[in-house]
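Multiple structures follow.
What follows is chain A paired twice: with chain B in the first complex and chain C in the second.
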Partner chain A sequence: MILRTRNFSGETLVFVLPAILLLVLLLYLPAVLGFYYSLHELEGMVPGSYSGLSNYQAVIGAPEFIDVAKRTLVYIVGAVSLTLVAATGIALAVNTLTGPLATAVQIGVILPWAVSSVVGALMFRWVYVSDIGLFAYAIESLGLGPYRPLAGPVSGMLTLIASACWKKLGFAVIMILAGIKSIPADYHDAARADGATPWQAFREVTLPLLAGPLIICSVVLAIADLNTVELPLIVTNGGPVESTTILPLSIYSLAFSQFDFQGAITLAVFMFAVNVVLVASYVSITQRRATHA
Partner chain B sequence: MRRRCKLLTALALCVALPSFAAQAQDKTLRLWTFLNPNGTEARENALKQIIAKFEAAHPGVKVQVEQQVWTQMTPKFLAAHASGTAPDVIWVHSEMLGKAISGNTLADLNKLYFASRSDDGADLDNVFWQFSQKDGAQYSVALTSGIFGLVYRMDLFEKAGIKPDSIRTWADLEQAAAKLTTRSTDGNVTRWGLCQHFGKAPNSSAIFISTVLSKTGGKMFSSEGKADWANPAGEEGLRRVVDLVQKAKVSPPDAINWTEDDMYDQFAADRCAMATGFSSRVARLQQTLGKDKVGFMGYPSDDPGKPSPQIVNAWFESVWSKGKNTKEAAEFVAYTVSPEADRIWVTVGGTIPNRKSTLKELQDFLAKPENQYLGAAAEYIQKAGWFPPIDADIAGYRDFINVAIQKVLTGQATPKDALEEAQSGYNRKHGFK
Partner chain C sequence: MRRPGKRYLRLAGQVALATILVIVLFLNLAPLVWGLLASIRPREAIMAYPPRVFTEAMSLEHYRTIFEGGFLQPLQSSTIYALVTALGALLLGSLAAYAIDRLRFRGRYLVLLAVVSGIPLASGAAALIVPNYIYLTSLGLTNSVVTLPMIYIAYNLPLVTWILKGAIAGISPELDEAAAVDGANRFQTLFGVILPLCKPAIGAAAIFAFVGAWNEFVAGSVLVESTVLRPIQVAIYQNIGFFGRDWGPLLASAAVATLPIIVIFILFGRLLVSGLTAGSVKG
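Now for the complex of A and B:
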């Protein structure tokens, strides 16, 4: 007997079941187990006595947690803002180009996003950040050296934000360009006919109509930046003086540098909860847009 | 048609069954290590040869290497032990050996192999062999052992007229580093005399550690693992490290974010004349720079000619206590430190001999200039090698020390304040008040 409801059938279940099983095995089950482990004292990776929320108190109540949380917020806000601004400018420029030039520019921008995160982070570090990299050589050849972006806490964070922007710019350009192309040309024609300057047309016509794609893009970028460990690990190594140690890197350090698995699991569950909030926002926004459309 | 199918099926089974039976008799030993037997590094070549010889001598036993990231390997093993999926043979990080032993994750190699071979034990007896003993049991053998010290460019020393054994004190080291530091016409450093690395990493702060151990008689931790480095010895060590960067200007300030690998990259790129490195990395640097160009020496001290104590390190190869093939695994582990394998580790892998007999047999080999580093490291281990307390959980201490160094380098704290903050943070994390 095939189960049928208004929009659902047993046949549908057969098709989505493999994906659901994978999600359960790779995401939900580890999350549930992680939550279980975080409520117990770990004895050599095995849950021992029940400890309630004391592990959360220990981790979130630690003096360094507030600093890590602040740095993570600065990093996310900085990286998302810079990426959106740069991507909007590039998308607007690409929208005016045609033919091979438009294709070449798009490929050039999207390439960092297309390579694997670790490879991208290594490339960024070797080319732009290392004192034996091409960029440092070019800077010093122009007489602007020496070049030490990782030597200070502020420049270190700016370098990390720049690396996040460089890596995710391609994705943001694609999303925003799609948004720009969905704006009917009549609107811009009407604005031009009314004597609007390009800046006025952008501010009064383009930007309001791009609000949806920009909000969705910012939530997606925030989720991606929150869950990035390879960029701070490879580009800045969390320094100097932990100035670029953000939440995911803190979890990695706890687990694999300090071998504090208890702290790492607890913090990871906390971060999972933050991710749930962000994803819920994303789903809510997209559903609202679908309803209005 | 049906008859033909039945005949073909029967034929197929006749061919397949013996191979199934043979496979059923074959045993596969899973080995977790950070080396890749198909890689090009010297130790990887050695491991490949050792595995091939073991398999040839033990038909029916295959060794399957599952390469791991070295920083994650031991924690993964502990997790795998809990879930019953650990490998038969594991290379345990020295800082986690105590935890692995107390968690009953490792088998007693005496019961499985060495108890009936006391000559073997005598030949293998050294600080590493003793370190993995507890309550009469032998839990591991040490592979790729070494010690932290100064990796240096022999050719640059010769060019500058510096003899390695003239570096007998910290002041001598600073003078040599100054002589070896070269600058371009516009004043930029083209090669640093002494490269260090201060990024948060599992291996660093060697000069600080040497100073503290030297001044406190080896008391950086209590036997339970409580830190004790926020004292005059610690301040002296931290100042020494920072002064090499800021006053003497022989160490690069960029090293504030360098990992150990970044430092070796710089050394291999001819940007450092000396580096605070590990002895077993010399072979790989020689592959890049030339066999006759890279040497090794211990850290000096304030007492001329007496080297400063320094951390020794090794990978402790062990058998999983709950494995299904503990006997074969123990035979493999024992084989990797057999006289034959020990010679391969030294001559091919560029590691320090485990056996006293190997040291005697390979005297001529070790006397060659390009192998100077092996003898120098072995001698340094004997004279000044230091092990942290095995039962103490001291994981992550280097992170705290490096952050303290970074704070002083960036002017955010004095050495005293930085060390006190580091010590109290570390002790709080490890449950000490």
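Now for the complex of A and C:
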């Protein structure tokens, strides 16, 4: 029954308005306001005179900006690709399991994603970063030398990327697994009947059909990684010497430790623009898939 | 015509697969297991290096330390925040989901778009926190009882609406017609006929909203100041500054915040996994 209320009736308003009002006021309006604030001179927290693009010139012209942008890019590309490759492999392996075992493995894989980022960051640090941790002990007892992941910029960044991968791996596995399950079994039977090796079957059949879920998954991961403050804050605290101070952490500490709201909001608008591009591609991909399905 | 060599190859493949899965699960779960385990060990056992896998001594000293330090307050506050978020998001989300799926009105596509874009946008809330902070401060809405529930409902509403919309779409519109013939209005139809048939989706949506509010840190760390309003994740973060390298109380506070989540995921894991894939992959 498609109810034909062409115009906004009072009843429709009651159904839709509370949700829309809340989303507009707390999710969409702040984005617009952020842009407005960034074009004005903030006096404390009150927007004063119009200042055009001068805030942007100040922020983008600062030498730190390029460094932060580069690090953020390295982090996002590193974390998303590592998570994607690992998750695809694990999803293919889990796909061969059946029954309660499959469910148990899926839940085991997803638990780090389910716990909060604060707790995840803390426990990751305890086992994989701390110098009295299990991982340090494993590395040192294998004779691979002293384990000091936060002693250099490269290992610091690798640690941050590993923590992001660990935290979101389970989510990626579940999403990719759903994609694998939606590939009809006949395709694989046909490939096998044609004499394809498992690797050929994966490359020629599974991978092309998995492209959609993999793209959606990488967009979702990129958004999540780009917007996580807790991991760089707690796992590496931006260090050593700022080498893991990526955009979200930079905005967060600029605003709430240094109280430079002007700088923070201008950077936040920049980050929000990247978010919008990612969200728009997510929406267009999912909508296209929904109409083709 | 099976050659025995092929069978061994398959067996070897299965063993390799199992080994990889075990290693992955170990690497994946080690922080949680080792963290929870450490929280019930005495201080010397935690700080021991090389790490001791087995110690007989058990101790609740770290839990005593954090609760004496006032950890009960954030635990209570976050429980209330999470329950209010789940209920609020379910109420607003079911109304919106029903309208999107069953009613035809001008602007319906815009509402749908606001919901769909809201799912990833809400996970990108870190970019919005600074303007949100300035804007809510100017309205006098920070540091109040309603601040965090309001924000958390807004952040979780898109996913909840999307999950419920999927469930409502799966129910035959003939039921709506039958209810209308019986004289039910739309609200009675939604709450009396449709929603009782969406229990798994309602459960999944409620848990996602609850866990989303429970786990949130960034907004909670800047939008409220008083200790009474402080959520649990912020309290854990502040413990990092307070206890430093004293891992016992730190891991105990992380454990208190995590056990409910782990229990929920072990009990309802299947339901949540299906809710997750319904919400994100199938579009």
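Simple rule for what comes next: the second predicted complex is superposed on the first by the 267 of 293 C-alpha atoms of A that agree within 3 Å, B and C clash if a C-alpha of one lies under 4 Å from a C-alpha of the other, contacts with A are read in each partner's own complex, and residues count from 1 in each chain.
In this section, contacts are C-beta pairs under 8 Å (C-beta built on N, C-alpha and C of every residue); 3 or more make two chains touch, one makes a residue touch a chain.
Computed from a predicted structure; not experimentally measured.
With chain A as the common reference, chain B cannot sit beside chain C without a clash.
Applying the stated contact rule after C-alpha superposition, one finds that A:Ala19 touches chain C and leaves chain B untouched.
Contacts of A:Phe256 after superposition on the shared chain: both chain B and chain C are touched. Legend: residue contacts after superposition of the two complexes on their common chain; A:Thr228 is shown touching chain C, with no touch to chain B. In the superposition on chain A, A:Met45 contacts both chain B and chain C. Of the two partner chains, chain C is the only one that A:Leu169 touches; chain B does not reach it.
A count of residues in chain A touched by chain B and by chain C gives the higher number to C. Of the two partner chains, chain C is the only one touched by A:Asn275; chain B is not. Of the two partner chains, chain C is the only one that A:Tyr137 touches; chain B does not reach it.
With both structures placed on the common chain, the touch criterion links A:Ala31 to chain C but leaves chain B unconnected.
Legend: residue contacts after superposition of the two complexes on their common chain; A:Pro213 is shown touching chain C, with no touch to chain B. After superposition on chain A, the stretch of chain B whose C-alpha atoms clash with chain C is 61-69, while the remaining options among 7-15, 43-51 or 61-69 stay clear.
The interface of chain A with chain B overlaps its interface with chain C at residues 45-46, 130, 132, 255-256, 261. Those residues of chain A that touch chain C in the shared complex are 1-9, 11-12, 14-16, 18-20, 22-31, 33-34, 37, 42, 45-46, 86, 89-90, 93-94, 96, 103, 105-112, 114-120, 122-124, 126-128, 130, 132-134, 137, 141, 166, 169-171, 174-175, 177-179, 182, 213, 216, 219-220, 223-224, 226-230, 233-234, 248, 251-252, 255-256, 261, 264-265, 268, 271-272, 275, 278-280, 282-283, 286-287, 289-290, 293.
Residues of chain A that touch chain B in their complex: 44-46, 64, 130-132, 140, 145-146, 148, 150-153, 156, 236-242, 245, 253, 255-261. Chain contact summary for the complex, chain C toward chain A: residues 17, 20-21, 24-25, 27-32, 34-35, 38, 47-51, 92-93, 95-96, 98-100, 102-107, 111, 113-118, 120-135, 137-138, 150-151, 153-155, 157-158, 161, 173-174, 176-177, 180, 186, 211, 214-218, 221-222, 233, 236-237, 240, 247, 250-251, 254, 257-258, 261-262, 264-266, 269-270, 273, 276-277, 280-283. Residues 71-72, 74-75, 78-79, 81-82, 95-96, 99, 102-103, 105, 188, 198-202, 252-254, 256-259, 262, 265-266, 269, 271, 393, 395-396, 399, 403, 406-407, 409-410, 412, 425, 429 of chain B are the ones touching chain A in the complex.
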